[in-house]
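Take a look at the structures below.
Common to both upcoming complexes is chain A, partnered first by chain B, then by chain C.
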Partner chain A sequence: MSKSISRDNRVSPLWAIVSAPAVWAVHFLASYLTAAIFCAKLADSDGSAGEVQLAVMSYTVIALLLIAAIGASGFRRHHHGRHSTSHDDSGRDAQRRMIGFATFLLACLSAVATLFTALVLVFVGTCH
Partner chain B sequence: MRPELIDDVSQSALDPAGVGATQIVDLFHWMVGGGVVIWLIVVGLSVYSIVVPGGHRPRLTKTLVIGGGAVVPTVVLSSLLCYALAMLPELHRPPPSDSPTVKVNGVRWWWRVQYQTDDGRTIETANEIRLPVDEAVEFKLTSEDVIHSFWIPSLGGKVDMIPGRETRLKLYPTRVGKFRGVCAEYCGTAHAQMRFDVTVMPRPEFNRWLSNQSSDAREPSQQSAIRGGELFRRKGCGACHTIRGTDARGRVGPDLTHLASRSSLGAATKPNNTENLRHWITHTHHVKPGVTMPAFQALDEREVDAIVAYLEQLH
Partner chain C sequence: MTAEATTTDERDPAAARLLDAWRTPTGWRYWTAVNNSEVGLWYVVASFTFFLFGGILALLMRIQLAVPENDFLTADQYHQVFTMHGSVMMFLFAVPILEAISILLLPEMLGARDLPFPRLSAYGFWCFLIGGIFVCGSIFFGVAPEGGWFMYPPMTTEYQTGVGVDIWLLGLSFIEVASIAAAVELIVGVLKCRPPGMRLNLIPLYAWYILVVAVMILFAFPPLIAGDLLMELERSLDWPFFDASRGGDPMLWQHLFWIFGHPEVYIVFLPSVALLAMIVPTFARAPMVGYGWIVLAAVGTGFLSFGLWVHHMFTTGLPAISIGIFSAASQAVAIPTGIQLFCFIATLLVGRVTKSVCLLFTLGGLATFIVGGLTGVMVAVAPFDYQAHDTYFIVGHLHYVLIGGTIFPIVAGVYYYYPAVTGKQLSERLGRYAFWMMLIGFNVSFFPMHFSGLLGMPRRVYTYQPELEVGTLNLISTIGAFVLAAGFLVFLWDVLRPKSKQPLAPRNVWNAGTLEWLAEVPDKPWGVRSIPIVETRYPLWDQEQFVQDVDEGRFFLPGADEGKRETLVTSVVDAEPIQCLRVPGPTFLTHFAAVFTGGVFILSTFHWYVAAGISGVLAVATILVWLWTGTAWIPEKHEKDVGRGVTLPIYVSGSRAVGWWAMFITMLGDMTAFISLVFGYFFYWTIQEDFPPQDSTGPGWIWPIAALLAITLVWSAVMAARQFNRQNRGSMFYGALVCGIALSLTGGWALLMGPATHAMDPTSHVYPAIVWVLVIWTTLHVVVGIVMQLYCAARRMAGKMTARYDADIVNVTLYWHFIFLTTLITCLVIAGFPMVAR
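And then the complex of A and B:
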């Protein structure tokens, strides 16, 4: 019981805010590196890049699942405590709600950015 | 009196005469439409929040802020992105293997243009590109010095020309006419005067033009032109310019073999006429600051007349 209370009183870690954009950044790098290496080393003479599209779709599913989990965690923190709790007090509850809200909003933004990155490679589909 | 400017040809991306340019104009119109929708919703909600007196219901406020400020812009932008991306595969698809190929080198501040003839010969011209209508044409683009960008707004998108690399562009002109090409990447003093003429013509006319361009320069027959040819050699012009069929084989400046058949001078800076040609030779840097060619102000009137006569018979 005391352990549970102690966990509840902890302030959310700041790195939670940047975790969703970090997933988007890794997805971006992985997608373009895969396309660049495939097109430089493995592409057929007709330049089709179906394998790259498959790989990027896989990366995208994984990235979106991670971002959804991070967003859900942020949303839970945001709803911690009473509804009237402020976001900008110095108290632990307020910090927790503020970090949770920022994490949730950045997760939404990262999900859109990840989809936009994937769309380019899915639509283009060639090395030309 | 300054010679007249060239402004009688289309340089507008909103006046499409090619497949790529038409798609870009469509995309532009959709982008403007989408931008207007987002602007109206966001500004409309802002005005509503200010103008409507009294408090607003929290639930409605939250819905309007999230819906109008985030969801609608994201949906509109995503739709526009999908519409634009769907165009890319066709625009990037290489042209058929038997399509004409034009090599263009960007040089500060002019364009070296090379055509391949059916018998495998390379024909060089400068600052002028002619294309057959209703045919895909592939451009192979590179640069001899700094980064330039090749753009014919009425025919399609632009592509950078990078030293040491070859970039490609496919254009498909659909309307006969004259158009303006430009360098779209700042490249130095005379960047704004690094332009070129583009003429789209029916295939038989294009074949006749290419056949004429593939021939050597005609021998001068009039006395003043013969003297001009001698002066051209004696003054060292051949060290920088090529005139095929003569011993002028310079590669620093544009090929002048068929100079008189071109519609402009100095990379589409001035119309190609006697007055402008004289002015170019004697006051080169007044016409185009920064250009490599020195001004030949030491030539007397009769020498200039003779050289102009020689160049004007190079049809």
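And then the complex of A and C:
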């Protein structure tokens, strides 16, 4: 059973699934903390938050690039093996395809959620 | 021995031995059972009992509010009743019922004999029961908490000086122990106890949901535990975390509470949806449409739900940008939430739907939840929330979400799984009566609340004036509440009515396709006769002769040759068998551990700290006995033939072992609580001009650096001890542990000396208070680490840990990885940050 034992450390598909939402989470937290700290510590009396807008836009570009890369990797996994392999077959290929599909879908959702956060900074530029 | 057992003995001796190993204790020893089928059932019954209690409190509120200026309850009584209603429903029903159902059913869904830590489940249950009775009992003495289920300071720190708030803080913290224990059990269960062949793409959707929810519990509950700790320190010792006059801020509590509180909504919603994901394919006679999409929905909702907490705080004066960010996330979460509902509808559309009460409750729940979800999107829009906040509109919204998203699906689940658990079916006729009464009663009760709220009726007030013109709406709500309660009574009667004359239901009565329906009628305590190889998502539908092969023991572990309770552990991704895990059986140790742990919390409530300390020592001693006698047994042989020509080790350590995963997961939760305290430190920095205060010397840097150095050396010593043990160099192993213990004492002492030698009075200002909290938190963990090192030394001395069987020291090493990280962060924050900030 040594072969199967060594495989137990293979948890990468689970990391693949959660990686895009994790990027969203980091982007979200970074945006919130930047805004909160800037507004509490650095904002002028007029409350203008142009620097926050700039910072969040840069976070967004980085986050979207990462999410796109994760989504592309998921898409490639999904197209692994024969096209006739269904997601609910018992083999490893089916597992790989299903995990790829879920990763791709989560990347799409994470991209939308990241854009939602970024859009706030397009429309709101004040701490007040 | 019964006639049935004699027959089984003669016909199939392997089955007889298996039955014997898993036999449920009888008589008064029944209560020592730790098997998931018993503990799960007790958990369900206890949760429903608390639910009924919470429901009665709701009716008392509705009587009080039926007419303007009513005097059925006094203001004080009303405050206690609404606080207990919310707290009971959320902490004693909504979360525990999901744990209960999962403990009861998850092993069956995974074809496992039991979850990997049955005694942990039992301990969690007894903690829950003791804590629940303690919290609920307070209302009968007129001392129940009055601060709402959210316990906002300064109301609860300065204006409510009775014992009620302490009962809430300590009683519910105690219950949270049970939740975190269940989270550990369920995560390890889903990841490591699946049947061979059940790869990630074949897991029942229920297990996906539970995995997500258990991880959410792990990250959502610890911030509340951290908040509870801070508030109890303020109430007991006058440390001013929420006292603005001494640098504190009540807003920190709101952050910590809602970082828990909003994911909590999804923690109770997702498992209920998970039940629907099992019910819908059965009654549609078709596999679930969009399995991958549902995984997306479960994982996506789990993540996004942590980005919503501030929408409970829109009216607290936060910056517009912060509000906007949380408003956006609150709307984004509607996407994954909606996707799963579309999958259910699509499955019903493509299938051949058969009528059933289960499906009625499913559809009623979905429709109700959609209404609640839509009003949720409305209140996620900040300007609308400004108008609706703290009005009855929110009460209407949240009950549509919680009753539609949780109660109706759970009732559907009870109708669905009742035959699998008891062997008898519930009445379809009574079920239909109950459904229509509940659906109509619910809508009559809660829909008018939206209008009461828009007309200006505030929440959490014990009465209202006739001039507000909401009297009629409130009367309608009260009538609806009683119709809803009558529906519940019909349901309750159906569940409890005597059924001895009713014939047993056929096996797999609904013709479902998933493994839990392998359950025999009447059910056997072994779970499954043999642990199957799974090749499809619906093996009972798709795998030929599947039930027969399972029943005739043609798969894994068809017997119990050594008379031990055993189940399979498989690899995380590919579900390949890697261990034959032996799990412990009935015991009273879990009861004693729960009673003594409860003593720490309950006695502290009344400030009986000496008694609480004694109880704590007894709890630790009991848990050590439990670990000593019930874990990491050295087997009589290294490997075992589990059937089908497969031989597996009986004992494994490291990342292949379930114990290692349990330690890892527990410490993730522990780190989350610690990070919440660190968040508190930086929160004070953001809100104050002068933090750390210029006139404070802080803990300095010498003591923290000394502590960090000592703990780094402890960490190295423990890793060295692990290595020496593997090399079977006993004297070096003990030497490393002696150094580790001495350095731990030094490190803990140095940590405390930092603030102690700099005259940091924790009652004077929030800065010394938060530094002390971080230091004490870290020191307590170091003390626990010392006990662990002593335990490992004793295990080796007693011959219970060897070079080959080394799980104890491996797990303790993992613990010390986290303690090193905790100490590093503590020292950087308390010693490093003041230098940067100044």
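Keep in mind that, in the parts below, the second predicted complex is superposed on the first by the 116 of 128 C-alpha atoms of A that agree within 3 Å, B and C clash if a C-alpha of one lies under 4 Å from a C-alpha of the other, contacts with A are read in each partner's own complex, and residues count from 1 in each chain.
Here is the rule we use: a contact is a pair of C-beta atoms (placed from the backbone, for glycine too) under 8 Å apart; a residue touches a chain by one contact, two chains touch by 3 or more.
None of the values given here were measured: they were computed from a predicted structure.
Engineer: Looking at A:Ala49 after the superposition, I want to know if it touches chain B, chain C, both of them or none. Which is it: first, second, both, neither?
Structural biologist: Second partner only.
Engineer: Pick one for A:Leu119: touches chain B only (first), chain C only (second), both, or neither.
Structural biologist: Both partners, chain B and chain C.
Engineer: Between chain B (first) and chain C (second), which, if any, makes contact with A:Pro13: first, second, both or neither?
Structural biologist: In the superposition, A:Pro13 contacts chain C only.
Engineer: Looking at the overlay, does A:Ser90 come into contact with chain B only (first), chain C only (second), both, or neither?
Structural biologist: second
Engineer: Examine A:His128 and indicate which partner it touches, taking first as chain B and second as chain C; both and neither are also allowed.
Structural biologist: In the superposed model, A:His128 contacts both chain B and chain C.
Engineer: Looking at chain A, does chain B or chain C touch a larger number of its residues?
Structural biologist: It is C that touches the greater number of chain A residues.
Engineer: Taking the contacts chain A makes with chain B in one complex and with chain C in the other, which residues are shared?
Structural biologist: Shared contact residues on chain A (touching chain B in one complex, chain C in the other): 112, 116, 119-120, 123-126, 128.
Engineer: Touching chain C in the complex: which residues of chain A?
Structural biologist: 1, 4-5, 7-14, 17-18, 21-22, 24-25, 28, 31-32, 35-37, 39-41, 47, 49, 52, 87-88, 90, 92, 94-95, 97-99, 101-102, 105-106, 109-110, 112-113, 116-117, 119-121, 123-128
Engineer: Tell me, which parts of chain B touch chain A in their complex?
Structural biologist: 70, 74, 78, 81-82, 85-86, 88-89, 92-94
Engineer: Inside the complex, what are the residues of chain A that reach chain B?
Structural biologist: Answer in residue numbers: 108, 112, 115-116, 119-120, 123-126, 128.
Engineer: Provide the residue numbers of chain C that touch chain A in the complex, in ascending order.
Structural biologist: 197, 199-202, 287, 291-293, 295-296, 299-300, 302-304, 306-307, 319-322, 324-329, 331-332, 335-336, 534-537, 571-574, 576-578, 646-649, 652, 655-656, 686-687
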